[in-house]
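Below you'll find the structure, written out as structure tokens, and then a few comments.
Order of writing sets the labels: A, B and C. Residues in every chain begin at 1.
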Amino acid sequence: MTTTSPADVEAIRTALLPGSERPVADYVIDDTTPAAAFEPATREDLATVLRLASEQGLVVVPQGGRTALALGRPLEGYDIALDIGGLRQTVEYVPDDLTVTVEAGRRLGALQAELREQGQYLPIDTPPSDDVTIGGLLATARPGAWRGHVPAARDLILGIEAALPGGERIRSGGRVVKNVTGYDIHRLHTGALGAFGVLVEATFKVAPLPEATRTLVAAAPNADAASALALRLWDASPALRALAVLSPAAATLLGLPETPAVILELAGTQSTVERSTSDLGAVVAFEEAPEVAWETLRAAHGDAARTVLRAGVPPTSTRAMLDEVERAGATGWAYVAAGAVLATFAETPEAATVTGLRDTAERLGGFVQVESAPPSLRHDVSSPPGDAALIEALRDRFDPERTINRGRWGAVL
Amino acid sequence: MLPPKTVPTELTTLIRDLQEALGAENVLHLPEDLAVYEYDATIERARPDVVVFPATSEDVAAAVRIAVQHDVPVVPRGSGTGLSGGAVPILGGVLIVLTRMNRILEIDADNRVAVVQPGVINLHLQGALEPFGLLYAPDPSSQRVCTIGGNIANNSGGPHTLAHGSTVNHVLAIEVVLPDGRVVRLGSRVPDAPGIDLRGLLVGSEGTLGIVTEATLRLVRKSPATRTLLAIFESVADASEAVSTVIRRGVIPVAMEMLDQEIIRIVEPRINAGYPLDAGAVLLIEVEGVADGVAADSAVVEQACRDTGAREVRSADEAAERERLWEGRKAAIGAIGGAAPAFYLLDGVVPRTKLPQVMTRVQELCREYGFSCANVFHAGDGNLHPNIMFDPTVPGATERVLELGGAIMRACVDAGGSITGEHGIGLEKRSYMEWVFSEADLEAMRAVREAFGPSDRFNPCKMLPGGHGCASGHAAELDAHLAAGAYV
Amino acid sequence: MTTIRFTGPDIPSAEDLANCIHCGFCLPSCPTYVATGQELESPRGRLHLISGIRDGRIEGTPRALEHLDLCLQCRACETACPSAVPYGRIMEDARAAIMANEPAEQPPAWRLRRLALRHVLARPRRLRLAMAGARLYQRSGLQHFVRGPLAPLLPSALRRLEAAAPVLRGRPFRQTGTLASPPAPKARVAMLLGCLHGEMYPDMHRATVTALEHARCEVVAPPAQVCCGALHAHAGDAETARALARRNIDAFERAGVEAVVVNAAGCGAAMKEYSRLLRHDPNWSQRAEAFSTRVKDALEFVAEQDFAHDLGPVDRTVTLQDACHLAHAQGIRTAPRAILGAIPGVTLREMANSDRCCGSAGLYSAVQPQMSAHVLEPKMASIAATGATTVCTANPGCTLQLETGARRHEVDAEVRHVIEVLAESIEAGRSR
């Protein structure tokens, strides 16, 4: 833990435009209150916070929607809260290019509203809701129900601007939909929890809003049947935007009878949705379900107050994983195409439960990610960042002082 | 046979070490053998000191470790179809050719995953997937020969990138050999694994960060219905307008490719794809999905084309008919080789809405410089491929063509675009990097490179400007190789 | 170590070479590249070597020439090339430009080959004598002995050659003059008899006469005709090839025919190129031009005639090997299929890569036995995979190679020229 002296913070405070400071009580993370909180109004100011903090060895924690702070290991220091919400403009939106450039603090919901006016949207449904900021959704790269059917955030991102702890602002990629100019540093940032800088701007490829969507649900007599049905449906229509197998417990979350079920969403032109509805109807009898079901699942996935795990296994193994999740006492459901199996726990589980599930997932060829959990559990069971030598070498070059989110990825990072 | 006396002793020991590690039959070192490894599909030429053909990841790692011991550069190479000089060993050293590592290791059809070695040819993989009704979406026009390793290194695109995205969107995990000889796995077979996405950084790194020795790829299911449309326009400007109009009306075809009159007149007589010789430009558009959706989407596309001046829109549903329409597109670039003494193929990218304006500018510039230019490109992505035709035996022509190439690239950048959409920076475009990126941006990229190893180890002088012993401009390199005979 | 330069009238032209844009599209079609995975044994690599040797950037060392020599001259690369690089003639020119050097400078193996070709193939009497010896050998039972108990004692190269020897069926075909004269003929055509062809595969000639007669053609064989010179040209002996070409043009001109029908794809391809071979010769270039336009492959010619009437059933499941010099050099792919398709009872099962060379390639199987065997192996596998019991060809060289392959790889299939299967059907029709 660092100890912050008032002088350190004062240097930052005076360097910023007036009115940038925020009450620290609004920025508590894992019971730690920072020494100061700033919401810079400009990119220059944001970079200044990073530079000054870095020079003084302070730890800065960037945050946007504050929806995914229980992700990763507990911080090893928290001096400055850096609220990116001040940077929330849409920089450029060219509907005919299907591209939009936005500042990182813009809320996904605000962006979607703007895109919707032009009949477009960003096909990202990161949990828990559209309250996430663009920067936050990129830094965490959490997949939602659409994953496996539409591209992931990391595939929709065309370019970024990031502020580095040294105070520089760098760009990578660009604003065109196809581009192989230089290293894709923007992909490195995606899911990196800020390890290599703070995102201040991002350009995305957007998509036309589907003309029609429809959510269908079918109850299944047992888990085997549900799973087999889902795999069959996955092959049966190219118009799926989401496809999930629900355990009985998850079904009740949606107000459905307590049996295994398959829920899916079709999206596309009216005729595509009609045709797919009848194609799928030939496989099994469906009932129409309200769209809000997806928001419910999304919120449950992003419920930071609970322990939530996300396993990833090959689609054909989601059935086995879901079994294990239920056996561990969690409410589980699976987004089949992406092989994502979610588990939310009413009570904080033992570390051994989590590692047990992880062993199962790894045996099935996958992994377990802790999406949210109390600090002590996260400390014990969070995932490592990957090849330690490479990541340390990269972090040494981009954030040698470990200014941003110190400890999130483990001790040396 | 004794090695010629001119070979310095260090080189002799390098060769001997490599022979011991990989077997003598997998090492080439005679000058006349090295001569055929001095090129890719560009005009750049430079000979390696030694060429090796590994069979396994361990072979690759061993070769890298030996190169490190001898302090010589390492350059990976696939089929050598690159269009930016990426596989040309500009500072010599060990060229690691991956064509022997050409096995498809696994096709897991149920989970839509394939595991392949890097030397697998793109089209061979497609062929193997065919019986499963699956495909690997990236389809560069060179797919009948280019390797998956090369595709990954260049983050290659193709006509269907418009809907499916470039190679990076289809690579789940890779095994790579790093500049220190370590073998690591990046990414995961199941998407969205926790941790930092080094896979995404490696894809498109042009062999400068690691050598791909295995790849786990995401497959997609073939659509139940596909229709290919050929829209015939009086001018490139009209066709460009049509591209934006289609998108504006909410339909994203899986492909939208443009051929201008110049290229139609070159390719049609050879291939008989059915493009009218008097058309100003044609758009080749493909829509996919469920049958009813395809019909609805094609109606929108057709109307959009007519509204922007298409004089005719033909459509094909049968595989053979569609294949014929595509054949002309696929053979187009090659066909120019038979039509002009030489041509210079450019790869620029602009926002789709700037296409009409930039295409006009390209034509103006070509007129200004006095060259004719044939265009065949991924219009839906705004990815231009002007082919400037010229006669290299005319004094000064080559220099002027390069200048013109620079001016066209500049026009792309000025329109908010960039200097390569799919062919990579390689040797060819290093000097243009400064038009797109600031010094700080480039510093960050250098930092990335150095985190992986010394910058002169893997594929030196590629992608980033500067570097020890690297010539500065493209023209300088070119002059030295004018005699080489090919001018793609 | 000596290095060689190109010289003489046939140096590959800069324009031909400049067509190559190094795109590499030809690589996967090249059998030697597929076998080795090395650029050295690829069309692009060979073109690069040729262009380098031509311009003095690459030394013509024995090793470099070996890469050129390993080329099958199958011209699959030409079909694959989007840029219309005339690979076949570039390679032929390069070989001629090498052999135009003083004998002492020529690669010794190439020189020997040239001698053999000059003194055997180009001389019918010597050739017939050699073939008579072979026939005796097979009939005497000695062959049985050599293939059985003696086999392990023979040096491997000899054994391979021996194993490749054709089964000499029946009496050689040496007839000349009028071979068929149906009533009210629709056309008068001449047939090339070739050097080895009539000795090794006389039935192919008989079948060709049958088919032409069936199509109501008068068929003649000018007695003055000689070997077509294809093998000489491939081996760089342009001089001998030209001498043979002149004699053939002369002989066939006298016959006064509408078409010169050739049932060996390699010979037909070469004769269609006499015009180019003699382009520098002011006395002959025009005659050669006129001659070449009259040359037709037998299948090409028959497919254009009215041949499908009165055919009888032939019970065969066949697969078709597209002869390189038919498919790649002459661009003929539909004619053999059209003919097979017209024969009642014949089922065609296409093999994978039917237009990939079998490794015969004229003298290649004898000169480069290792690579030839390497190339043959996948070919036999694709044949076996079809389950066909007859392999159809359009060239005697391929027939020989595939017969060898069938023996070596124990594939239970007969090898027949397409025209032989057609003749069978004609016979069956007649006897109905």
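The definition used in the following text is that contacts are C-beta pairs under 8 Å (C-beta built on N, C-alpha and C of every residue); 3 or more make two chains touch, one makes a residue touch a chain.
Nothing here was measured: the structure is a model prediction, and the numbers come from that model.
Among the remaining chains, C is positioned farthest from subunit A, on the basis of C-alpha centroids.
Central chain assignment: B. Criterion: smallest distance from chain C-alpha mean to the mean of all protein C-alpha atoms. As a whole-number value, the distance joining the C-alpha centres of subunit B and subunit C reads 38 Å. Subunit A and subunit C have Cα centroids separated by 65 Å. Here the spacing of subunit A and subunit B, counted between their Cα centres, is 32 Å.
Touching of two or more other chains is recorded for no residue of subunit A. On subunit B, the positions that touch subunit C within their shared complex are 28, 30-33, 35-37, 39-42, 53, 79-81, 97, 99-100, 102, 119, 121, 123-124, 142, 144-146, 270, 331-338, 341-343, 483, 485-488. Contacts from subunit A toward subunit B in the complex involve residues 94-99, 119, 141-143, 147-148, 151-152, 154-155, 164, 168-172, 174-185, 187-188, 190-192, 195, 207-209, 211, 231, 235, 237-239, 268-272, 274-276, 279, 310, 312-316, 338-340, 365-367, 369, 383-387, 389-391, 393-394, 396-398, 409. For subunit B in complex with subunit A, the touching residues are 108, 110-113, 154-155, 157, 161, 165-166, 168-169, 178, 182, 184, 186, 188-198, 200-201, 203-205, 221, 223-224, 244, 247-248, 250-252, 288-293, 295-297, 349-353, 378, 381-383, 416-425, 433, 436-438, 440-445, 447-452, 463-464. Residue ranges on subunit C touching subunit B, taken from their complex, read 14-15, 17-25, 27-28, 37-40, 42, 44-45, 48-49, 51-52, 55, 57-59, 61, 63-64, 67, 80-85.
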